[in-house]
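One chain, chain A, appears in both complexes that follow, with chain B as partner in the first and chain C in the second.
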Partner chain A sequence: MSLTVTDLRVSYQTLRGEVRALDGVSFTVADGEILGLAGESGCGKTTLGKSLIRLDGRMRHAGGTVELDGRELPIADDRAMNAFRFREVSLVPQYSMSALNPTRKIGRMVAELLRSRGETPDRAKLESRLAQVGLPREVLDRYPIELSGGMRQRVVMVISTLLDPSLLIADEITSALDVSTQQAVARALLGFRDAGHVTSMVFITHDLALTARIADTIMVMYAGRLAEKAPAEVLVEQPRHPYTRLLVNALPEVGARHAGRRLTGIAGSPPSLLDPPPGCRFRERCPLADDGCAEQPPVTEVAPGHHVACWKV
Partner chain B sequence: MLTSDMLKLDNVTKTYRVGALGGKAVTAVDRVSFDVRAGEVVSLIGESGSGKSTIGRMILGLTPVTGGSITVAGAPVRPGRDYYRSVQGVFQDPFSCYNPVFKADRVFRLIKETYHPGVPEDEWAARVRAAVRDVRLNPGEVLGKYPHQLSGGQLQRMLIARALLLDLKLLVADEITSMLDASTRVDVLNLLADLKARGLAVLYVTHDLALGTYLAERTVVLWRGTVVERGPTEQVFGDPLHPYTRRLLAAVPRLHAPWEDAPEVRSCLYHDTGAVGGLAEATPGHFVACARLSDCQGDVS
Partner chain C sequence: MRRYFGRKLLVYALTFVVAVTVNWMIPRFMPGDPVAGMLARAGVSQPAAVEAMRVYYTNLFGLDRPLWQQYASFWGTLLRGDFGISIWLFPTPVSTVILRAVPYTLGLMVPAVLLSWVAGNRLGAFAARRRLLDNTVLPLGYVLTATPYMWLAVILAWGLGVVAGWFPVAGGYSFSLQPSFTAGFLLDLLHHWVLPFLSLFLVALGGWAIGMRNMIIYELESDYASYLAALGAPARLIRRYAFRNAVLPQITGLALQLGVLVAGALVTEIVFSYPGLGSLILKAIQNQDFFLLQGTFMFIVIGVLVANFVIDLVYVVVDPRTRAGMAGARG
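After this line comes the complex of A and B, so read on.
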């Protein structure tokens, strides 16, 4: 097992109290597996991604453990995590521009970065990795501003995986890109996994269709908890959780016409995580909810690898 | 009476001056022509930098055209109170359209002060409630709230309700759903589709092909400032003729099917008909351009 997360709880300190953004989430990611993390804004997917590599100042580790390749990650200890970052756990952030130093050419920036980590820059390896994502070696002599958004995103991917980390976290990395660039970046991610440059991956996105194309397993989160986790194909073809079903039905596909089949949204909005109501968090918006849902549904395995947190399955 | 073409663009061109002394010119929109009829949604699809937002801004009179003409209901774009009575825009970020200090329903109050000062208060309140209901919101839930108390979908629909309080004929919707969650996005789309029944013309500007096809009767595909293909949505996406449209369609991730490679273009309509520099009509209403794309050159026989 590459990554094992057990009952992870992370909260944000705000003036109005503690926001429980991640409220008891458990899952595993196997070696070579790409886990797609999907959900609406505020469901905790970015918080989960961040807590695997760096909790920022407002975030507090409220419980639970994260184990990577048999070793526990000291996620609450910012200093101790430094030994793992980049080498064991690495991140591709959403905005590539914010990850690149605008005053350095790419090649020099990478060399400085590696030296600061006590590694010797290996130009040949760097160039071969760039070639894998379809970038010419000339980009090393360019400033970040001279590259397009898709090129920059691929440069950041190459840098993040240069030390062959065990786990790569990709947080909404394609959201700011056009569809054709999005496809190139997504395929590059798959290529890196297949070549073994990164053992496993957590791919965070709000775009369920894109996740379905690249992830092996999809985990849908709702209001800080796991709603459903299943092999990608099972999740989009036979979702069991009412939330996943509604979500899949709310997605227009290319070619789907309003005149032909009217899609429906999900009425209402997720509960506030400041003081979340007890029981199933989706029950306010759920068409199947009844009094029994006032109790929190456990995550149950309904089929091998298919986990659902709902009383109604 | 409704004119058949609510919005008409005729060879519209936009050039921006760039460089330190404005010595260089960049053509953002190059001889674009299309029209939107009353009671119709037309989607304008393109990737970043294709000039789609510039077109929206020119229609709204936020930036002048360099060449060609834009007419709304037969009259040229003339920014001002009378123009905005019938032409309105809704944009990507609903949060930046509200002043966080004031309650969100202040946007309705401003409309009353500018356009309907003579309407009695109780009648105005009834009109506001009706407009809010028209956009499928519950007046009790959204009126009297501050922007931060409302969701993006609610705020976006209130901006549409605001436009409905005017004598609206044309709505330019520029990426209005790209910041919304999947579960609420489709409600805003359905709302736009319903507004057609009122005879409203909607120009739906987006980079998202799935959303565009869902709504629109007709589709215009832009590439680097020029129209490469336009026509009935079923034809443009069911039988795309332009290599760019094909590539774009093939790159869209689908929920239930794997990515496929763009089908090859066997013949080039542009060269077959010899329609130099313009669009060639493949089937009635379905126009395709081709010659300016480098990929096309290999297909010319």
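After this line comes the complex of A and C, so read on.
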């Protein structure tokens, strides 16, 4: 088992109180697995991604453990976590376009970063990795502004995976890209996994269609909790949780004309996580909800590898 | 690259022409008659002699000619490096008077500007990472930067000069000494230099420290800093990058500050009777000395333009984004 997350709870300190962004999430990611993490804004997917590498100043670890390759990650201890960052856990951030220091040539920045971590810069390895994502070695002598957004993104992917981390977190990395570039990025990620540069990956996105193409397993989150986790095809073809079903139904199909049938959205909005209501969090918007849903549904395995948190399955 | 500097030089040339023109206009539209002042000082009582002297001086300074001719000949002499003859210190050439004052002003300004910039940036960068320091540096910085130069100068002259008696409060050197390159004179010079320097240095220091503190905090929250932190880079590396990037706007600030500081030096020099360009401007105004005033302003204008040009060059070296802009790249 590569990554094991057990009952992870992370909250944000705000002026109005504690926002429980992640409220008891458990899952595992196997070696070589790509886990797609999907859900709408505010469901806790980015919080989960950050918890695995670096909590920001307002975040507080409220409970639960994260284990990577049999060792527990000290996620609440920023200093102790440094030993794991980059080498064991790495990140391709949401803001890849602006993740590079604008006043340093890329090659020099990479060398300085590696040296600061006690690693010896290996120019040949760096160049071969760049070639793998279709970048010439000349980019190392360029400043970030001299590259296009897509190129910068690929440079960041190469840097982040340079020390062959065990786990790579890719946070919304395709959101700002056009469709053909999205394809290239997705292919590059798969290539890194297949070449063994990263062992496993958590791919965070709100784009269910793209996730289905590259992830082995998809986990859908809702309001800080796991809703459903299943192999990618199963989740898209036979979703069991009512939220996942509505989500999949809301996807437009290319070429399909929606003259006869309007695309359905999901009415309502997620509950506030400042003081969430008891029971199933999706209850208010769920077409199947009844009084039984006032109690929190446990995550149950309905088929091998298919986990659902709903009373109605 | 050539187009970039060509455009810059054109802007500087235009600025120069406008500055020279305004410079020529200001003294001529001031109320009062400089020749009458000279005659009054001469104390001649015979009306015929006074008239003869008036005609002589008016002719000598070219004040009898139409304004446009005066303007044209002003440009002509200026390009030959001739600023005319001082009325106040007649018949010393203006250039000689200015060159005597310049070392004092530069000796005061250059260390004050550069040292306050360097020290302020360091102080601000330190303040940005220590809460205790931040809580003291920030309010102190605000007080200092809001203090008018001459007010601080007066306070320093009173506190360290009059009350404590550590430093002399007036002059560039003791009146008992003749300027020379002896250790005694240089020490005396330094002794007189401390208070005016300190007043300029302290006021500028506060502003730089505040600016740097804010810039560093902004840079430390930028995306590249978060990315480096997520990859476990030590705080030292992140702070080094943040400092370098935060310095860029401070360099622009330095260029802008140069012009303002000349005015700051003016009042400071007057408070301490320091024999630099500031005191010279005051004397020139008091004595209706067109040529000296023009010459001094001219010198300041050229100084500010040259300083700005140097900053432009520095910017090209330190910020790759300007270089990309020069190549016509999307920026």
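Worth pointing out:
One rule holds for everything that comes next: the second predicted complex is superposed on the first by the 312 of 313 C-alpha atoms of A that agree within 3 Å, B and C clash if a C-alpha of one lies under 4 Å from a C-alpha of the other, contacts with A are read in each partner's own complex, and residues count from 1 in each chain.
As a convention for this text, a residue touches a chain if its C-beta (ideal position, glycine included) is under 8 Å from a C-beta of that chain, and two chains touch if they have at least 3 such contacts.
As the structure is a computational prediction, the values presented were derived from the model and not from experiment.
In the superposition on chain A, A:Ser41 makes contact with chain B only, not with chain C.
Once the two complexes are overlaid on the shared chain, A:Arg117 sits against chain C while remaining clear of chain B. Look at A:Leu100: by the touch rule set out above, it reaches chain C but stays clear of chain B.
Of the two partner chains, chain C is the only one that A:Arg54 touches; chain B does not reach it. Judged by the touch definition given at the top, the superposed model places A:Ile145 against chain C, while chain B stays out of reach.
Touch criterion met: A:Gln182 reaches chain B, while chain C stays clear of it.
Chain B makes touch with chain A in their complex at residues 47-48, 151, 153, 181-187, 189-190, 193, 207, 209-211, 213-215, 233-234, 237-238, 247-249, 251-256, 258-259.
Remark: chain A residues 40-41, 149, 178-180, 182-183, 186, 206-210, 212-213, 236-237, 246-248, 250-258, 262-266, 269 touch chain B in the complex. Listed in rising order, the residues of chain A touching chain C in the complex are 53-54, 56, 81-87, 90-91, 93, 95, 98-105, 112-113, 116-117, 143, 145-146, 156, 159-160.
Interface of chain C with chain A (complex): residues 222-224, 226-234, 236-237, 241, 244-245, 248, 318-321, 324, 329, 331.
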